[in-house]
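Here's the structure, in structure tokens; my notes come after.
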Amino acid sequence: MNLFDALTALLLVLLAWRCLIVPDLFRSIVLFVVFGLLLALTWARLDAPDLALAEAAIGAGVLGVLLLGTWRALGSPRRGETPSSSLPAGLRVLSAAGSAVLAGALAYGLHLLPGTGDGAGTLALETLPLPATGQPVTAVLLDFRSYDTLLETAVLLMAVVGTWLARSPLLDALSSEDATAHTPVMPVLMRLFAPVLLVTGAYLVWAGAYTPGGAFQGGAVLAAAGVLLALGRRLGTAPDAGWLLRLLLVLGVLVFIGAGLLLMPAQNAFMAYPERWAGLIMHLVEYTLAVSIALSLLLLFTGRPGLRGISG
Amino acid sequence: MIYQALPLWVLMTSLVAALVVFVAGERRHRLRITVNLAAAVFKLLLVAVMLVGVLRGDLFLVRFAVLPGVELILHADALTMLFTTLSAVLWLVTTVYAISYLEQRPNRARFFGFFSLCVAATMGIATAGNLFTFFVFYELLTLATWPLVVHNGWPKAMAVGRLYLRYTLGGGAVLLLGIVALNSLGVPGDFLAGGSLDGVEKTHRAAVFGIFLLLLGGLGVKAAVVPLHVWLPSAMVAPAPVSALLHAVAVVKAGAFGIVRVVYDVYGLEVMTELQLGTLLAAVASVTIIYGSLKAIAQTDLKRRLAYSTVSQVSYIALGVGLGSPLATVGGLVHLVHQGLMKITLFFCAGNYAETHGIHKITELNGIGRRMPWTTAMFTLGAFGMMGAPPLAGFVSKWYLGMGALQAEALWVIPVLLVSTALNAIYFLPMLYRAWFAPPADREAAAGLAEARLGLLVPTLCTGIAALGAGVLAGLPLSPLSWVAFIVAQEYGE
Amino acid sequence: MTEMLPVLAVFLPLLAGVILFLSGPGPGGLWALGGIVLSAAPSLLLVRQVAVMGTIEHLMGGWSVPLGIRLMADGLSALMILLTAVVGVLVSIHALGLFDRRDAASRQFWVLWPLLWGALNALFLSADLFNAYVTLELVTLAAIPLVLLAGSARAVSAALRYLILALFGSMLYLAGVALIYGLTGVLDMQLAGERLAGGGWVVNLAAALMVTGLLVKAAIVPFHLWLPDAHGSAPAPVSALLSALVVKAAVYLLLRLWSGPLLEPLSQPSVAWLLAGLGVAAILYGSVQALRQPRLKLVVAYSTVAQLGYMLLLFPMAGLLAWQGVIYHGVAHGVAKAALFLAAGNILYQIGHDRIVDLRGSGTVLAVSFGTFAIAGISIMGLPPSGGFLGKWLLLQATLGAGAWWLALVILAGGLLAAGYVFRVLRAAFQLPDSDAEGMEPPVRHIGPLMRWPALVLALLGIALGFAGEPLLALLGDMPGGAG
Amino acid sequence: MMGLDVYAIAAAVLVGLGFHGLITQPHPLKRLLAVNVVGNGVFLALIVLARRLPDGPDPIPHAMVLTGIVIAVSATAFGLALVRRQARDAEERDD
Amino acid sequence: MTLLGSLVIVAGLFFYLAGTVGMLRFPDVYSRLHAVTKADNIGLGLLCLGCALILRSWTLAALLAVIWLLAVTAATVGCHLIARNRLRQDQGVE
């Protein structure tokens, strides 16, 4: 029984339980972010480096900023104590019992599962050298099950359009009276961190083909750079998205579908890339995807369709 | 092929008429009247052609597969022609009556649209070739009649509409259950001369019995059999042409016609007698006859009394069919036509009284004979016919029913007939006495002749004379009686 | 070429959505119309192909099954794609009248709707458990922003509750998929089905999780709380799409799982009767609630909750008749419910409110809308000659064949209750305005032909379905792999 | 391999906790967190399953989890936008 | 080398412990901030040093150094912002 694993698992559960139980909203958000970071650590421990990166960048990073931003934008009356549950005590006990049974059943189920050797996983590992990318997860994402990845980018696009329709921009709510506006330190931080973030993001995207990384993780880091610039007043929002921004937003999906459809007659199957250019196409798709994801996550944060640079 | 699909064209004429009327909209009266009348006349012609065809024995059949193993079938046999001719003739007469009755009333396009839709449904019921098609048009009739019952829009009409729906849709659901149950026993439900159960009753004795009860329940609602008749008297709140054509002819007869179809063309006579269903049907019919007449006596409103009279008269048909002997069947089936003609005359007269002098209560009938002689003459004719006074139509059907009862050794039916005739007299004669001999209540009533306007009077006269003719000239080849004899000959295969 | 059709049916609508997103506030309806045609064409071609050639399969990315994802267009998916295409085109025409492309918010309808269309086609074609999760999520996330188009505070809180519950449903479904992947190591439905043949405790747990997740997303009674508000407060064409297609997608997936991998766990008598019990509860509860709603759109929304209950009656009567009955009822309900919502939307648009009590006397003024409502109501009530009736007929035959008498009574009772709430609305059309009201105040806004006629066409289609039983059931073919 | 089961149990407990949280917490933001906890629980379960292959972690569940995370984040971001909008509407309604 | 490395790591842990204790015990925000940032930064530094010693590869050492640098700057800026915000709240500038 490895102490580290037991401790992490216990801490995870404790954090999640506190996050859901504690009445104060701000405290539960902070707990949730810490829970996300610890989860990223757990995944690194469970030999899933890609996911650790993704969870840290997207789950804890972007989501953390969004949660804190939303909490900030909720306005004073709503922020403090969240009303304790209105359910009668009996129902709470019932739901507690129900969830306990669910958890127990799931745990016992997972425990029972035999490790099947002949599943799709082993098949994927065996056919690894075939697709251009060495990294197994990226291979699955961009080649074997690239259909899922494509649909997923469409989900991101829908979320962005949905956020526009919700018409509740986050950035504007934080603008004026925020403490960060007037401190000299912010420009220093931005000048130092923004380029570092951009470089790391680009590296992650490029490295995705061979080492853990890829479009999503890289995109998230790039988005983080964008959020930093937005908070530092270098990046403002605009009422309507210019055509360039819209093009970049959908670039990933367009290239993905385009590559699939145009090459379909040749290979008689959707998204089956011919041998010679497979590597090239995948890289192209990955880069455009990263750009689209970065912009989408940024727009999910700002909440308004347009973006404009603010000088000085 | 066109000739063979004649039943479909008969149905389509009124359907198309309905669509044209709906589309034409409220303002174009001239167009609506011409379309209605033209459709009615054209349908009459088609029915005549079909009549001749059936007489010659031509085959009229249209099949359309709706589901694997389930078909919409329209065909025309002798029984169909009986109901189709009755409806076609009376639709023409009632359309003329309705056009003048609704002179200035609002929503006339809506009225005539649903009116012709009702007739289309009735035609469908008449020409249906199997239980499935019958049920399709049976429910369509409910949907088409509801708007007519609530046509006036008064809160009272709405309440009646709700009652009407509850009964008819409930009945429809029970009927559907019966049909599907029959279907699941492997009986497709086609209308074949000797019945299409072909031996199923041997294996599933109880189920077949139970299914008959379901079918009877479903059809009984529209045939106004006793426990299910409540909607009919209250439906009198509808305008006169509606209560005339629909509640005296189309809707009520659809139920009775359904019972006839089920008894003869689905179950067949042997099964009916073997499972004692015949006597059950006859018993229920008798109860309704007596109950209907008793309730009629207690009514003060003219149309409600006529409604209860309808409740009891329709059960004569069920009684005739229930007895199962050839003569009783003749009596029952011919009463379908005779009752239709007589009852529509009475309702037309009631409509005339209400429209010209606003008479609704029976007490207000005093001395109306002097002021509206023709209408009251027709009323008297109809009344005597209903009572079964020879040589009128009512007598012919009751005579055959009596003979049929003797033939089927169901002696208990004779006293039922006599008692009901007596009860008829009890509720009809006082009305006649008031109309002719009682002095008019207020002074201005004695001013002189104030007959209903021509548009209302002429149709009443036509139906009155037709009722008279059906009785007196029963012997002629194309009279309802001889046609029914032709049907019975086919059914019993003599 | 036929190999490409499933892919085109998914990606052309998505492409249309993306192009409309790119085109920005530019030209008016023409682009939108182009988008609709671009989306409808492949769907119809695919349906024709399936009718001719039977099941079509396509291995995405050229990889064989356990590794890659398989798209499969069999009878059931072809029927659902046909339903989506038909309802989609007519609702789009109606939306052309309502959402003009200049206004920023309603322009997004023309982005989200083709994406939703593509997502629906993707879901109907998917034969892979995880891919079904992604497409289901895609459908939900395209539908929720559409609810927002109305922009009212009610719509926002309804959308939020819808989102939270839909997310929860998806997570449960994913938990089930995880367990199945743990057991079998494959995600393809057919392969998983073969490897799950042994059954056992874990399969039951996985089935329970997946089914619960789908029941939440399909708003079956215990989890229906989000539906009435979401469908009630959304604009008319959106609620038509939601009720006719989106909610049915979750039930479709349930049927697909039942006839595929989860056949054994779900056909155990106890589970089958539990699901049927939920269906009965949905029918009765939804209808009773529909009878009590003050607003027209809520009546129609609760009617959806009720009508979806019918689709759960399949499980205890596993047979070809029940299968055909449930699916035919689903298709007929889709068409008729879309017509009902469009008609209700027209009424609301014209006289500014949809309180049933105050509809009195508006019959003459809104003749076409009430006419559409009546015709569509016939199919919802399951009265002949409508598609709903054929569905009810097949279901009744199935229940009586299986000897489940009380289930037949429930179906009939459902029909009568439906008659209750349909005629409750129609009564307003025939009733005279009460004497003191100074006659019907003139309609607030006049609706153009674009908004008026698609609803009527959909209603008439509901009736036409009453006659088109033979070809459609031939297209559906027999029950895939079930105990039929 | 006992360490493995600890995470499996943790995953199951997370799903249970999230489920309980979703039912009892009325505040939409807390409910969004609860759903995310359920999601993370399921993802953890998937990752635990991925380690059962003899030669190296199984990439399929990893891809599933990555897709799941992106979907969860975009849905939650949209949910948070709705929460903000709902709060703003409530504020406008109050004053 | 590994012995030396683990010793350094233990020292680092000690600093973390001090930082945490400080955060819990100190009365007001500023002192707590002070404790956390100072102690943890040094703790992290020692940790990175220890790992570099154990892993004995220059590239990793450089990477760890960069990580340490970034972490320190982030911590200081964060601490500055929180302190400033707290100060503005105390002076009612809000």
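Letters A, B, C, D and E mark the chains as written, and numbering starts fresh at 1 in each.
Operating definition for what follows: a contact is a pair of C-beta atoms (placed from the backbone, for glycine too) under 8 Å apart; a residue touches a chain by one contact, two chains touch by 3 or more.
Treat the numbers as computed from the prediction; the structure is a model and nothing was measured.
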Ordered by label, the neighbours common to subunit A and subunit B are C
Subunit B and subunit D share contacts with C
Relative to subunit D, largest Cα-centroid distance belongs to chain B
More contacting C-beta pairs: C-D or A-C? The answer is A-C
Relative to subunit E, largest Cα-centroid distance belongs to chain B
Chain with Cα centroid nearest the overall Cα mean is chain C
CA centroids of subunit A and subunit C: separation to the nearest Å works out as 31
Averaging C-alpha coordinates per chain, one finds the centres of subunit B and subunit C separated by a number of Å equal to 43
When centres are defined as mean Cα positions, the distance from subunit A to subunit E in whole Å is 27
Note: subunit E sits from subunit C at a C-alpha centroid distance in Å of 56
Multi-chain contacts in subunit B, i.e. residues touching at least two other chains, fall at none
By the touch definition above, subunit E meets two or more other chains at residues none
Flagged in subunit A as touching 2+ other chains are 105-106, 110, 113, 116-117, 119-122, 124, 144-145, 148, 152, 155, 158-159, 162, 166-167
Which chains touch? The pairs are A-C, A-D, A-E, B-C, C-D
Contacts from subunit E onto subunit A in the complex sit at residues 70, 73-74, 77, 80-81, 84-85, 88, 94
So, in the complex, the side of subunit C touching subunit D is made of residues 130, 134, 137, 141, 144-145, 148, 153, 156-157, 159-161, 163-164, 167-168, 171-172, 174-175, 177-178, 181-182, 187
Per the touch rule, the subunit B residues reaching subunit C in their complex are 22, 26, 64-68, 70, 72, 106-107, 135-137, 139-140, 142-143, 146-147, 150-155, 158, 161-162, 165, 169-170, 172-173, 176-177, 180-181, 183-184
Counting only contacts in the complex, subunit D reaches subunit C at residues 15, 18-19, 22, 28, 31-32, 35, 38-39, 41-42, 45-46, 49, 52, 60-61, 64, 67-68, 71-72, 74-76, 78-79, 82-83, 85-86, 89-90, 93
Seen from subunit D, its contact residues with subunit A in the complex are 2-3, 5-21, 23-27, 29-30, 33-34, 36-37, 40, 43-45, 47-63, 65-67, 69-78, 80-85, 87-88, 90-91, 94
